Amino acid sequence: GCSNSPASAPGSSGGQPKRGGHLRAAFAGGGAAETLDPHLSNLFADAARAKALYDKLADYGSDMTARPRLAERWEPNDALDRWTVTLREAEFHDGRPVSAADILYSYRRITDPKKAYRAKASLEPVDLEASRATGPRTVEFRLKRPTAEFPNVLAAFGAYIVPDGTDRFDKPVGSGPFRFVSFTPGRSARFTRNDAYWDGAPHLDALDIVVADEESARLNALLAGQVDYAHELSPSTARAHEHGGRVTIVRLRNSAMQGFVMKTDRPPFDDPRVRQAFFLIADREELVKGALSGAGTVGNDLFGKGYEYYADDIPQRRQDLDRARTLLKAAGAEGLRVTLDTSPVAPGFVEAAGIFRDQAARAGVTIDIRTGNKDSYWKDILDSGTLAGYRSGAMPIEAHISQRLLSGSTTNATHWRRKDFDALYQQMQSTKDTAGRSALYERMQRQLHTEGGFLVWGFADWIVGTSPRVRGVATDAPANTLDWARFDTVWLA
Amino acid sequence: MTSFRPWILRRLLTGLAQTAAVVVLVLALTEALPGDAAVALAGDDPDPARIAAIRQALHLDRPVHERLAQWAAGLLHGDLGTSLASGRPVAGLLAEAFPPTLTLAVLTVTLLVPAGVGLGVLAAHRAGGLLDRLLSTAALGVYAVPEFVLGVLLTAVLALWLPLLPPTAVGVDNLLARPAVLVLPVLVLLARPVCSLGRLVRAGMADALAAPWSVHARRCGLPPARVRFAHALPNALAPAAQHLARTVDWLLCGVVVVEALFAVPGLGTVLVNAVAARDLPVVQGLALLFGLTAVVLNLGADAVAYRLAPRAEAAA
Amino acid sequence: MTDAVRVRALRVSIGGRTVLDGVDLTALPGRVTALVGPSGSGKTTTGRALLGELPPDARVSGEVRVPRGPVGYVPQHPASVLNPARRAGALLRDIARRQVRDLPRARRRAAVDERVRAALAAAQLPDATSALSRYPHQLSGGQQQRLVLAQALLLGTRVVVADEPTTGLDVLIKQRVAGELAALARQGIAVVLLSHDLAVVRALADEVVVLRAGRVVESGPPDELWARPRHPGTRELLDAERAETRGARAEPGPVVLRAHGLTAYHRGAPPVLRDADLEVRAGERLALVGRSGSGKTTLARCLSGLHSRYGGTVTLDGRPLPPSVRHRDRERLAAVQYVFQDARAAFDEHRPVLDQVARTAVRLRGTAPERAREEALELLARAGLPETLVRRRPGALSGGELQRAALARALLARPRVLLCDEITSGLDAPTRRRVLRLLTDLAAGPGGPALVLITHDPDAAWLADRIAVLDGGTIVEQGPAARVLAAPAHPFTRALADAYASTGEGRG
Amino acid sequence: MSKARYLPGALLAGIPLLLALAGPWLAGDAGPRGTSFTGGEGHWLGTDFAGRDVWRQVLLGGQSVVTVALAATALAYAVALPLGLAAALTHRTWLEETLTRPLDVLLAVPSLLLILLVASVHPPGRAGLTLLAALVTVPDAARTVRASATEAASRPVVEALRTQGESWWRIAVGYVTRCTARTLAADLGIRLTGVLYLVATAAFLGVGAAPDAADWAVMVDRNRPGLFLQPWAVVVPALLVLGLSVGTNLLCDAALDRKDHPK
């Protein structure tokens, strides 16, 4: 009875699923900071473990639409500020059924004002004081304002459901496809099949999630058969081994937006002509080739390529140095000199800065690159500097806007604060029909495309390697979506 | 020689002061890093409110010296504090990361001493000769190769091309239970110190073997091996002992690269992660550990030097 | 005859200089063959040729035949052949162990110990336990000498080359060591003795070969040689005439250097010098005598600021003298100069001797380098060292030559007090006379140094105005030389006086 | 004959030195970027991780390595030698303690941690990196100097030189250093290599030089992922670094051996 969720993810190669086997998957980790508390999960390894043990009410499909998971269905009222969510029949590993109380407990735990759980900001629209269980398996969520995209909240990163009252995670109990066996932070975690899983028991007998921080270690382990699945490989690794036959390379497209952010409220970028000139300076192909080693596609200064509501109709922007020069001249910014903040927070980041510097030089703009500390980079660029490297994982376009582009957004790195834009967003959230919302999304995106602060030059593939006997790995699942790092649908041939 | 004991005692006392200095230095540097544990925990979602909340929850809003004092007070009760990033006790965390590092270090040193000394003695056997040149050049070559390059090469050949050995220790919780995974890391760890130790020993040996007292020992009919090992070697060892102490220190604290390459979750990994997470209690705990190790090792090396150059009373 | 050492027409030239020029020598088993000759005549070089250890750049012709197997060797400078990082016991046991290899394992240890003890006793180091546990630098010069001798005795070779084996030994021990060498020869070993000590040579040798400037000028049994020396050089060499009867003398002036209640010790050991009082007056010559190991060198080192682990006071002109050279200013450094017992160890092996000698004047008197070299050359020449010699590095000088260079180095400071530690031990009689004359002349001159002569040589002691006798770290007797030697109170002083008398008789 | 012994060292060290010196002049302008880790298209050593021409990067990348390594080693020894000698020559315990204990504190901080921290606090330029590398090298080098000088410093010659009123420098450098020259030269060579290695490892950990800097040591690390696609980007700079360090060490050896056997 789960019409909305795919019965089985599209496999990397066909064949009849086989039961049994023990799969070892290698992820980059965070050492002792790793945790099994799904609300704290921050790293990909944490997320993969959380996904094995727990469920969310909803999760994202490959186009970032929310797909029901523990929720069987959801229905809004007309004002879109009261949503009734009906749970499916599912049980935790200890046999207790998943109930409305568990949902409310989990959400209240996440939004605990004294704590700082990851999904706290995403759950902000929900008024949990007023929300209540209307039956053992129905929850009525009261929202602080109309929210047409409320399902996105249910699918938010880290909004996992834990049993009511849980506060310790040394022997975690969830409703997910695998049961907990053991865990050593920074090293390995072991899980076994949950035969009673509501979405059908996994094919695998057991799953190990092991940690190898270094990419080459993950690759070598994969090549030597120490692991069967290696998460996050580099584009050059992919190219080197794609046709070797020893490993299967899976490219998860559109996983990470790559770009630069310009502070739209400070010189020189407070002048839209300068921002446009910068849009035109970027040679996106060169950036993708050089910084992503070709593993990605070009961007069009908009977030969410391939996602629901993405404005595909807006023509692709190309490098035009003459126009860029003209615009700069018009803005009185000839011989412009700006500082570009960057930091080795992700592969390709610093390279992109270097490439862009060279491109800008051809338009008469001098860019000084300042390499910041990678551990505090995101905080540092939020309010200081004028131009900085940026990247973002997958999330619905709505989430991108609400978190980064509204006057009250907490991580508004472009300082994009427009009353008219905010109004469009509110209007969109209050619009019930999809077509109407779609039109509003397009208007917002057009505005961002012409004068926004995000210079999005590309979308990086997320590269996963598996041993050839691993089947059922989803190929079109950007990182953090439902089918990414999903091991209940995987089997060993 | 009766003054040996007070000397050690005094050195241990200054050692404690030194360790305190190390802790403070490391703390000051870590504190000077941009951002704090809250910022690091927030990562790419640096919501100011969230950061403020984390900061409050971790007591990061209190001044450093207060936190340091509290940590020191805890230390007196044998409590190293709790990790900011994971909320787990630091002592337990270090205790978990120590065995892999110790295993690697002990194994490496056990092989290093005979190999390095042997190489040096062999090369010094005929200083300037063909064997010496070959050995020296090879040693220099290997010494100049950083671990990450050597690691890649050895892994490519021994683990991937001729699949003789497992390339990483990924997912292995007890290294000693799967000794095969230790071979590559130990080889890589060994490579550089063997070469540097060998060169120092060679230099010392060449001088010692040319000294008149070596000539006299040979003249007295002592077999060449005895002259080499019992007479010349001790005189060549003082700098080598210093170097060895440094190497052990490095093995215990600085094998970040090898741990990363072979996915061995030891102290180096903890260190890098702790710095990245601005996890001060862990960094302090590590600094304490490093400081104490260094004090003990330096003391050992000085004691050896004291014994090997008895004429030099100044060493005490 | 196969056991004989045979040297025929040996020519050695080093660095273009002919050091040996047609040396013939035969040393028979069971006999002591002595090689005598002035300092620098080639004795050590001959000895090294027997060992096959001439420097790599030496050009050698002629024939050297030595029986197979190792050759026992007592080098002239014992300090350099003792491994600084090995205790005396280990050095001896290493050798002894080779001798007991055919014994059953269980008995080897005891046998080794027994042999080591026997060798030590034979080398006159009876206090075995304490000596064995010491490092070489913790032994006195004479003790080191005997340790090396013990090594040679332990070796059990068929040939022993002993280069100045009795330097640094006091008269009593010297006689006993000579006795041991004779006993060695009686065991059928060929002993080649290179020595300046004519008393020992005459008492011990069966055959004496006289070298002069690298040539053998004559040879024969000692009695014959002493009775009828053919070569004028030999006559001069063998003439045991006393240096000079005290020479010219200045009236002793005020006290320059005074040590009061000096108690010196080494790290972690009982004091080696106890409550010593000593005065040195301007223009005076003081002989410091005593058994080997009695603390003479230590006393001198305390005075000269090289040993600062002591209690008590040292004053110069009534003002306290800093215990360490590091704290002495230029003037006070220059005022008290020390000539090292082991000259070879006191020179930098990398630099020419002349440069090193001249530096004293440059550093301590502020003389211009050119002028300092001239002064140094002049002084060295007076000590019998020509310019060609001193332009070389220390390695190319003989033991006696270096000893004189060391003396010149100290003298160049124009010291007020000169502490001479066994500076004549490595010199032949004529050279010794020459050096002593040089010293006394300088001392008698205006502003000349007061001399403290640490010596085992009765001649040198005789030269002194006053004698102080050290025994076991205590000054047991002190007074005018004539009185002390005429009416010795202490057994050691008595032995010294006897030895003096006997050499005096030797002179006839 | 005597010249010949310098030949291997001179050749090995000469090529990298020459490239480092002349490279920046020969490099010319940056052409357009290609795809990373490919060969051909006018890139005769292929492209690097950022699609740049490897040969051009090689030409540009020597200067920083060579200057940092040489300057840091020289600087480290300029500090460590007097410190180590002073510690070996002094008899004053307090002086020795004040000289060596602070260094021991530095020594007790693992050098990579120190670099990691300092470089993160203040991203260093070339000069900063040099200072940093020198800083972490000094304590170790000073200890080695002290250990090897202690024996020579306790010889009677030193006492004789002191009674001669010889200056500290002459004793320390003129005698003690000379006696320990062989060990020190071996150590110096090792330090030079150590600094090269340090720069490379710092790059591995993501500090020190900018990640896309033209720098042989950085290139080796950054181009590692493409080793199986386009080996030259790793192999060439690695060989140059190797040649530099082996060559200088061989030169040291050759010079010393000559001094020891004057003919």
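Letters A, B, C and D name the chains as they come in the text, with residue numbers starting at 1 for each one.
To be clear about the criterion, a contact is a pair of C-beta atoms (placed from the backbone, for glycine too) under 8 Å apart; a residue touches a chain by one contact, two chains touch by 3 or more.
In this text, all values refer to a predicted model and were calculated from it rather than measured experimentally.
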Completion exercise
Maximum distance between Cα centroids and chain B occurs for chain C
Problem - Chain at the geometric heart of the assembly (C-alpha centres) - result: B
Completion exercise
Distance between the CA centroids of chain B and chain D (whole Å) is 20
Fill in the blank from the handout: In whole angstrom, the CA-centroid distance of chain A from chain B equals 40
Exercise for the section: Let me have the rounded angstrom distance from the C-alpha centre of chain A over to the C-alpha centre of chain C, please. Expected result: 89
Completion exercise
For the pair chain C and chain D, the C-alpha centroid-to-centroid distance in angstrom is 49
Handout entry: For chain A, residues that touch 2 or more chains besides their own
Key = 216, 372-375
Problem - Per-residue overlap in chain B, given as positions that touch at least 2 other chains - result: 33-34, 152, 235, 272, 275, 309, 311, 313, 316
Problem - Junction residues of chain D - those touching two or more other chains - result: 91, 120, 151, 154-155, 224, 261
Completion exercise
A full list of chain pairs that touch reads A-B, A-D, B-C, B-D, C-D
Handout entry: Touch list for chain A against partner chain D, complex
Key = 215-216, 234-237, 239-241, 286, 289-291, 293-294, 344, 350-351, 353-355, 358, 369, 371-375
Handout entry: Contact set on chain D toward chain B in their complex
Key = 8, 88-91, 93, 96-97, 101, 104-105, 107-114, 116-118, 120-121, 140, 143-144, 147-148, 150-151, 153-155, 182-183, 185-187, 189-190, 193-194, 196-197, 200-201, 204-205, 217, 220-221, 224, 227, 234, 238, 241-242, 244-246, 249-250, 253, 257, 260-261
Handout entry: chain D-facing residues of chain B, complex
Key = 14, 18-19, 21-22, 25-26, 29-30, 32-34, 127-128, 136-137, 140-141, 143-149, 152, 156, 192, 196, 199-200, 202-204, 206-207, 210, 235, 238-239, 241-243, 246, 249-250, 253-254, 256-257, 271-272, 275, 287, 290-291, 293-295, 298, 301, 305, 309, 311-316
Handout entry: Contact footprint of chain C on chain B as seen in their complex
Key = 1-3, 212-217, 219-223, 226, 230-231, 234-235, 307-311, 313, 316
Exercise for the section: Please name which positions on chain A make contact with chain B in the complex. Expected result: 24, 26, 30-35, 42, 113-116, 118, 120-121, 184-188, 208, 210-214, 216-218, 220-221, 223-224, 226-227, 345, 372-376, 378-380, 382, 392-393, 410-411
